[in-house]
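Common to both upcoming complexes is subunit A, partnered first by subunit B, then by subunit C.
Up next, the complex of A and B:
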């Protein structure tokens, strides 16, 4: 019934992802996030003093610059910048450093589908490496809906072109208590909520909700991966 | 900062993993249990009286972490400390930097930071040692004091409005560093201590641990040689005879390689650890260039694991 995807993945399987910590030395924080062949490099500079003209000086402002792999900056890139800015504004604590600007610069190194989720994951990792306080991590996943209503995760470029519709969803990460005495306390998944959702194409409500369900389940896997990466200590750390 | 590329064979890999695992288990048990990521709740006993410090926030009545790091508690203050933070300068830090540009009345230095640091001409002692107003002639002769690509040791005097550093080098112990090596390590490996200038008598070597992650290993310079600067120029032949002796150079290289190995392993750099590593290399007859090889890397990790295990045993045995 289900066609096998390129690379032999089943519908719920994500491409192997990896995150490099601070590849850029001059940036305050940087991360290189790769999901399969989609690779995005994010760099964070800030907080720098002063806000731009139209921004509220009582809060920190976030400025996003998106650089595509080839070609000039056009409308698509501006749309990505706006999406990222709204997403990051909702996860950062804006009142900690009022009247400052944090710049996030993204460079697309490889694009093989699910570009926006990869970029959001890279930004979130870069913000953590820069030491900027966040409310929660943003875990992004791309889902697609096939003609028969089947939902597949982490779409590649070839799949996206054939799909009827697909959605990019961003969830907050799962919480855990800091004490080691209470191991896996499963929070209610439905309470976690959704930060951002961008859809392309036409899909029915049921398809959309099943995308959200699958995406939520997969996001806890990425969330655990982020937890181990961000907490990795060097041997000498005390 | 460049990681040493090692091709470890199977036994070396096994030994290295064993040593690293031992270090992880020896680490004080409080540290690993209290590691948090963003949005983790921090357990607190009484919510009313605690002070929420950096890296925490109040959400739904719970104390939630906003940074990834380790939870530290000091009396009633709870805060999250990041493990591998970028270099955060404070007033009074000792810094080692390299001159990249000479601008009107100031030198710009590169330190391991997002912006370049500035050393004003007025924050620097003049060669003749007299305290006077800096004139235009002094400004034109800046190059005779420091040139581009010189390595300089200075102290942080303050911050400018855009966050870049203001340095001062008014004391005799600061100034140009010659005849040695500059090493770059991660800034979090150098902790702030009382003493950053170390003179190692047995090797006749100066070791300066800059808080920004730049480390200087060089031939020992007797403090107070400032008067020699004016007489340097005519005595070119005397300079030829003044070369650093070979033994001192070997010691400098050994210490520099010890720093490289320790920073590749990620251990906090202290003078004792560096000296111990260098002496261990001498006693086990490792060649200086072999110190950067895989075998010494693994041996250093094992030695450090053993040292910490002994320290722990001594502490618990002494009770």
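Up next, the complex of A and C:
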């Protein structure tokens, strides 16, 4: 039953992901994040003066533009923009540059499921590459619930269409303790909290909580990857 | 707030560029009639292409839909070009309404492709008067490094050359019912492209005396006028666009056209080479995916070979610095994951090739075998970073 995932993945296995640092020249920071065949390109233009009407001028504001592959912007894209904006607002230090606007522009290059988590990961990486001050990283994962209550991670498009329900979850990244003693994972995990959760379909409470649990464990893997890749070239850009 | 982002050159920059051009030197070291380096990358899906012309990046994506034809042309399909000037490319571009330059770009490419009948429209007809294929090309400008028209044109051509439309048959009782076949069942068909119209842009400086090809962003801000000539490799002029700017003598224009036809032949051969490399690699993949009772040890060379073709597919050149960064990036991701002990049975593992092949395959014997013994596959299936390094070393 579990082996029947297309591509031979087991339920806890993520697709291979990769992140490219600053592929674009004009943007202040950009990242191309790919999870399997789902690829999103995110670009960040750093703080520009002024905020739009209706935004709080005492804080920085974030503007998100989502560009789908086939050009029409509809309600789905607006929803993604809103989700991203709120997620990014919660990870950025908004009081560092008050009365400014930071623009985040996303372009979908390939869509094979788990599009929103891929986009959030790409945005977070792009913000770091642009040097925007953040409280912590946002690590996103897509989880699906099979009919027998089994949770699968990193759903593809085909899986999402067949599943009864799936969820996109965003967690803050796992903390690394400054001291060298091995961190007690259980305690840390339970304190990490959940930034964003978007669910589709109907799932029971237990299923939802097991999604969160699995997602949390997977997110520590992704956040380790993020930590190494985002850190690597900071001193002196090889 | 909106127009503050438009980049204005300083007086020093302007004078520097103009004075250098008087000695036939360009700021990035090119000669006046040199194009920047052109790289064409293809995506996983048929009909998606990304073109990098120096710093300028444009992504083209071709799709098709069955629609009703125009009343006055019941036998012909249609081709539409949609250009998106994403604010990603330039902070001066605003989301939403396209500006003048976006519309101009769309029109120039449209004229060059559609009105020169580069793509055969009559072969897109399914049922005359009722059903025809309408091809839509979306061009997304990702990075504005200057000369968007040329880059976008090449992206559109690359996308159309690799696009495959689903095959459909007409049947049913009245002979009007159209069934569209799934790409798995019947191979999709390529478009009939008669010729490739290539746009070549010239920028004029210093009262029309000095002209350069393929201006960069800074040169565009300083130039006096611009002209785009769309020419194919046969020397046919498909479109010329010179909208205002400085007056230029007609002899200069003729010279430009001659230069443009030489450049067009050059670029046409490049595009054709890249497209044929891609299509042959894809065809090779299709052959390999046929399920066979292959014992596991034969899997290993298959998968390894798939990778090298895939590497050739996706990374056409390894010299760009962004690729170098990418190479240095990924080893850490996957290497680190391998070294970590799997407390839970999950990993961002390197069954990458086994899994990522299957746009067309689902649950093949190859892949389940791959999942069973990760250790042996890990040795055989080189993770992404090594694959790129292999390519790098080859070159």
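Rule of thumb we're sticking to: the second predicted complex is superposed on the first by the 219 of 238 C-alpha atoms of A that agree within 3 Å, B and C clash if a C-alpha of one lies under 4 Å from a C-alpha of the other, contacts with A are read in each partner's own complex, and residues count from 1 in each chain.
Basically, a residue touches a chain if its C-beta (ideal position, glycine included) is under 8 Å from a C-beta of that chain, and two chains touch if they have at least 3 such contacts.
These numbers were taken from a predicted model, which means no experiment stands behind them.
Contacts of A:31 after superposition on the shared chain: neither subunit B nor subunit C is touched.
By the document's definition of touching, of the two partners only subunit B reaches A:173; subunit C does not. Contacts of A:109 after superposition on the shared chain: subunit C is touched, whereas subunit B is not. In the superposed model, A:19 makes contact with subunit C only, not with subunit B. Of the two partner chains placed around the shared chain by superposition, subunit B and subunit C are both touched by A:49.
Taking subunit A as the reference, the larger set of touched residues comes from C, when subunit B and subunit C are compared.
In the superposition on chain A, contact is made by A:93 with subunit B only, not with subunit C. In the superposition on chain A, A:217 makes contact with subunit C only, not with subunit B. By the touch criterion defined above, A:120 reaches neither subunit B nor subunit C. Legend: residue contacts after superposition of the two complexes on their common chain; A:135 is shown touching subunit B, with no touch to subunit C.
Residues 21, 25-27, 45, 48-49, 233, 238 of subunit A lie at the contact with subunit B in one complex and at the contact with subunit C in the other. Contacts from subunit A toward subunit B in the complex involve residues 21, 25-29, 45, 48-49, 93, 96, 128, 130-131, 133-137, 172-173, 175-180, 226-227, 230-231, 233-238. The residues of subunit C lying in touch with subunit A in their complex are 1, 4-5, 43-45, 48, 50, 55, 57, 59, 61, 63, 82, 84, 86-91, 95, 136, 138, 140, 142-145, 217, 322, 325-326, 328-330, 332-334, 336-337, 340, 344-352, 354-356, 358-359, 362-363, 367-368, 370-371, 383-384.
Within the complex formed with subunit A, the residues of subunit B that make contact are 1, 20, 23-24, 27-28, 31-43, 54-55, 57, 59, 64-68, 71, 82-86, 112, 114, 161-163, 189, 265-268, 301, 304. Residue ranges on subunit A touching subunit C, taken from their complex, read 3-4, 6-10, 12-27, 30, 36-37, 39, 41, 43, 45, 48-50, 65, 67, 69-71, 101, 103, 105, 107, 109-110, 153, 158, 217-218, 221-222, 224-225, 228-229, 232-233, 238.
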